[in-house]
Amino acid sequence: MAQLKRTTVGIVGVSGYGGIQLVKLLQEHPLVEIVYLGGKESTGKFYAEVYPHLGHEIDLVIEPIDIDLIVSRCEVVFLGLPNGYTCDLAPKLLSKGCKVFDLSADYRFKNLQVYSYWYNKKRNDIETANSAVYGLPELYRTDIQSTSLIGCPGCYPTASLLALSPLLKQGLILPETIIIDAKSGTSGGGRQAKMNLLLAEAEGSLGTYNVVRHRHTPEIEQICCDLTGHEVKVQFTPYLVPMVRGILSTVYASLRDPGLVRDDLLTIYKAFYRFCPFIRILPKGVYPQTKWACGTNLCYIGIETDSRTDRVIVFSAIDNLIKGQAGQAIQCLNIMMGWEETLGLPQLCFYP
Amino acid sequence: MAQLKRTTVGIVGVSGYGGIQLVKLLQEHPLVEIVYLGGKESTGKFYAEVYPHLGHEIDLVIEPIDIDLIVSRCEVVFLGLPNGYTCDLAPKLLSKGCKVFDLSADYRFKNLQVYSYWYNKKRNDIETANSAVYGLPELYRTDIQSTSLIGCPGCYPTASLLALSPLLKQGLILPETIIIDAKSGTSGGGRQAKMNLLLAEAEGSLGTYNVVRHRHTPEIEQICCDLTGHEVKVQFTPYLVPMVRGILSTVYASLRDPGLVRDDLLTIYKAFYRFCPFIRILPKGVYPQTKWACGTNLCYIGIETDSRTDRVIVFSAIDNLIKGQAGQAIQCLNIMMGWEETLGLPQLCFYP
Amino acid sequence: MAQLKRTTVGIVGVSGYGGIQLVKLLQEHPLVEIVYLGGKESTGKFYAEVYPHLGHEIDLVIEPIDIDLIVSRCEVVFLGLPNGYTCDLAPKLLSKGCKVFDLSADYRFKNLQVYSYWYNKKRNDIETANSAVYGLPELYRTDIQSTSLIGCPGCYPTASLLALSPLLKQGLILPETIIIDAKSGTSGGGRQAKMNLLLAEAEGSLGTYNVVRHRHTPEIEQICCDLTGHEVKVQFTPYLVPMVRGILSTVYASLRDPGLVRDDLLTIYKAFYRFCPFIRILPKGVYPQTKWACGTNLCYIGIETDSRTDRVIVFSAIDNLIKGQAGQAIQCLNIMMGWEETLGLPQLCFYP
Amino acid sequence: MAQLKRTTVGIVGVSGYGGIQLVKLLQEHPLVEIVYLGGKESTGKFYAEVYPHLGHEIDLVIEPIDIDLIVSRCEVVFLGLPNGYTCDLAPKLLSKGCKVFDLSADYRFKNLQVYSYWYNKKRNDIETANSAVYGLPELYRTDIQSTSLIGCPGCYPTASLLALSPLLKQGLILPETIIIDAKSGTSGGGRQAKMNLLLAEAEGSLGTYNVVRHRHTPEIEQICCDLTGHEVKVQFTPYLVPMVRGILSTVYASLRDPGLVRDDLLTIYKAFYRFCPFIRILPKGVYPQTKWACGTNLCYIGIETDSRTDRVIVFSAIDNLIKGQAGQAIQCLNIMMGWEETLGLPQLCFYP
């Protein structure tokens, strides 16, 4: 792993929550050097003016989002911009040799018509979209090694697909019975001053939103389809939980073979994820707490079957901003660069 | 509603969270007078020693749980004891003319074998159990009027059954597809010093417990069976949410007739609950926040259908300690006494 | 207390947190009727569109802030507008016979130069300002009875002055040693989508703001001066605590007579507040929890002396939105109208 | 820093919150190896049974607290036991050549009479107590290098003394005016199932405890005395804040020279702490948020002066379980062993 110089990385969109995770994790990563921070509204400010607690650690000014500037300095760029912006930037960055990790939804979809329908934006960068790899290393590790453009998965899809994939891949469930009930901390709403994300509104309360129409639905379905070879429709319901970080995704499905019990599934899951350093299959009778995953790139998975109803229930917990966003992007970087997959990615939470 | 004297009530088990709700609500109820507080561990203490903020309001000492004492003073008794205690007390209290409202699980089950299986206690008070009415007024108002013993429903069953009943009663769903994903504040765990209920453990975290084996499962199923006339098995999963009060119960089910859409169901629900002063059917596109129900005896219900999956999703929110416990018991008292159903029961939350 | 018709009230600024407290409390008040809701940004909307949980309770549309309209309908107006707006409205409303309760800072100051310095607004409504009474009933009950304009106190000053007044009034402390360390829930920041009030930012964190320059400093000092007859300078430091409601104000001061001990002070405080139905002096060794006051118009006070340092420490807890804002305004209304002071104002919190 | 083998460490009292911090941090420390976990109630259990999320990381069984066993394996021992236990263990461990880091209060006091008075335990290990060093590296780095027994500071004293020391050491304030108002997350109460630490009780509430009699008072005063050469009495008031981790300590004092202003003090503090890698002096007008320190061994300090009152106010924020407990112990270990002071100690928080 010896190398003469650190890889130069830039981060665009550094004032958001995805951005600050990238800054923290990449700052502590042993093989990279942050050489550029880009932003729109905070341009010209020292990063410490946006996040005062970082004053002693990061001495960089936020610069304009300028392709030439970025390309002249960075081998690798992480894009933490709102949906619909990256598809304009990425082709230019790629054409000049940058490796691009996009945290938005722009490069998650192979079928741009699906993207356009759900995200209200026309697209004609079909070729670039086709070259992009969906950055879920537990499913697409090999593809990640040989691309230059990663469409980093959404937070809910990450948790949900890690819970679902072994069942789908091995044909153990009836796909039409899949229900995903997924609960997220409010940082998932981004660093936006929205009324419903105020502590005074969200604290002490629980509620759902975007019922039957959340944009992560088609993203999950696309990967389910890729795993099974045929169309899958999932029921997906998200919630805002009064906590900062963490997603707990609960997946319900009817077993194809009611004889399959929990202990069988634990064995199957362990085998499925045996080369995946960030997946933790919990012992029988133990179910994940989101807190265990917070501050780490881990996904904890707990499994139960119900002999009364012939269903399987899988619970998966991640940190929505790390495994669900910035950490997973860095995991992809490690794989793409041929580094150790776990490099610079925390695996032990602070508890309590 | 004029009456010469207030009805005398006693409360047994006053140091728990159910107990203090009863004390608060009955203290402000215009037609009753609290004349007895009973407890085991706090006997001999002033109530203000247990809850110092009540020093100016309630000047009563906690007395031993003595049948003769209770009967000599109280026309009505609320029992807020752990499961398995009331079935010893209630027959004696009833035989001496007291009206009994039991907040434990002891008188929720008609079939005592089911009770004994799930609660690990043998029972032979079959006659008393048969005379008990399940205290969910929205379903059993008439029966409540003419009994002396109410088995007050559990918190999860209250929320879940209020969401489910119109669908089941009218045969609109396939019962074998029912999934209930129910999230509760930690006060549902009671005023017990358990490690997992500590703020340091529970705050900032979300997790499930008692998966596929929570005791509220058979309670819900019993009422589903009563509504439909045949056995129903539900998938029930509870969670502890980092908040003090409130339950949000999500019910998924497949529609028998896929042509049925949300607006139809809103109409059906409004009709079903048209005489129920505590049920709030939300307009289309609005889903309940638990906070709206906290501090009230209300149940907020939001409904959605998904034409992609032919499912209905119903969300119900209650205050687990009021509509889910003490408030509902008082609602039953009001009905049993022939008083206005809403008497002494708050309908407007403090927001935020 | 019999009266032929309810007093008609209007509320201006109904979408904020002060506004919704007024709506809730006045809606449940037995002697008033809400006949007008006014606002700027939400004009034309049903109130239930702003706060969906109120759909079944309040069937009013938010109307423009029009003096003639208000005067034609309302005997009493509550103004929940930002600082600097009321001083334009109030004189007109008063001249047409309305009683005015201003929740902003505009009519808290006798000395308009102090106001102008701290609030950056020139004023020349000196006569109106002079006719205003500072709406802290525990200190100014008599004046409140005979005015038509109440400048309702700030939340921090309410808690701090109720803790301080007996000490100052009776000359028990050295005024130059007063330090007030006051902690508030984030609803005190108002219903504004500010970044630092987001749950993701404020949850799990504690911090101070406006150190040595918070606008409530001169407000507290003005009343201290009024109580003692000479200028008093207090050290005031506010904090945002990760909770929705509640203020805990800690007052430190050096005792003039070190021989004075806690029990003496408890006696003095009880005597001082003997006619004040909302003040709760706690027994020795008991200190207030903010939660006890939440949802009520109460102020809990706990007192300690330290013989090692000859200081007194007083802790006071209120609900910042009720006793610290809307509830106190209604308490003033009750006094002004000659009604019972406690009418429509809750005195028992929901616990936990 | 090359070394042939890692230093062997043992941790006693591993199920508490101090214990799990030590396990996490030492597990990730590059120069140590955890070879022993000791406990009383959990003896014989795998550590993963106590903290299930650690199943993949720590494969050790909790063993009895046996001196011979410990000494045979460990060069260094961390003791995370309740107060009053270590003073029996430490002399034996030291006599057999172990280096001892005591997280309890037992070795914080030079004057054992003070200890005995506040902790209700007689002591006669005077010699051992005299050899102990108070483990606050920013003040006692040199002494730490040459001892074998560290009495690790309490959490409140750590935060408070780091805020106070430059003022006291340089004689800038009147010591009799010191007031410390210190707010802590509830993990400071330890992993004990106490009623007042339940989420249902503590969430949404703020209150004080142990007013004028908290045991950290004499600990702070002892160090103040050591810094100034004469007795100092401080006013210390602690609070429980509804959050898991973090302490914000506010120190008020009257300036000896009123001409001294904030910018002078910022310069003085920066100079005082110039060799201290974990102290972060914030720029003018910026005050610490506890969240910035959480998950790190940092102490953030913000300073303000008030020309109206001639006082200085210093705010310090730490993670009570890291800089306030386990992290600081490891910082002392690093110093004692001659390693880099920051080794294995995080300096960047996860935000938000």
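We just call them A, B, C and D in the order they show up, numbering each chain from 1.
Operating definition for what follows: contacts are C-beta pairs under 8 Å (C-beta built on N, C-alpha and C of every residue); 3 or more make two chains touch, one makes a residue touch a chain.
These figures come from a predicted structure and were not determined experimentally.
The pair with more inter-chain C-beta contacts, choosing from C-D and A-C, is C-D. Sharing over half of its contact pairs with B-C by residue number, the repeated interface among A-D, A-B or B-D is A-D.
Comparing the centres of all chains, each the average of its CA atoms, the largest separation from chain C belongs to A. The distance from the centre of chain C to the centre of chain D, with each centre set as the mean of the Cα atoms, comes to 40 Å. Per-chain CA centroids place chain A at a distance of 36 Å from chain D.
Here the spacing of chain A and chain C, counted between their Cα centres, is 46 Å. Listed for chain B are residues 17, 187, 191, 198, 200-201, 203-204, 242-245, 288-289, 294, 352, each touching two or more other chains. On the side of chain C, the complex with chain D involves touching residues 176-177, 179, 181, 183, 185, 198, 200-201, 203-209, 211-212, 233, 235, 237, 239, 241-246, 248, 250, 252, 287-291, 294, 302, 304-306, 308-309, 311, 313, 315, 317, 352. Only residues 17, 20-21, 24, 27-28, 51-57, 187, 191, 203-204, 244-245, 280, 282-283, 286, 288-289, 292, 294-295, 300, 347-352 of chain D touch chain A when the two sit together in their complex.
Within the complex, the chain D residues that touch chain B are 17, 185-187, 189, 191, 193-195, 197-200, 202-204, 242-244.
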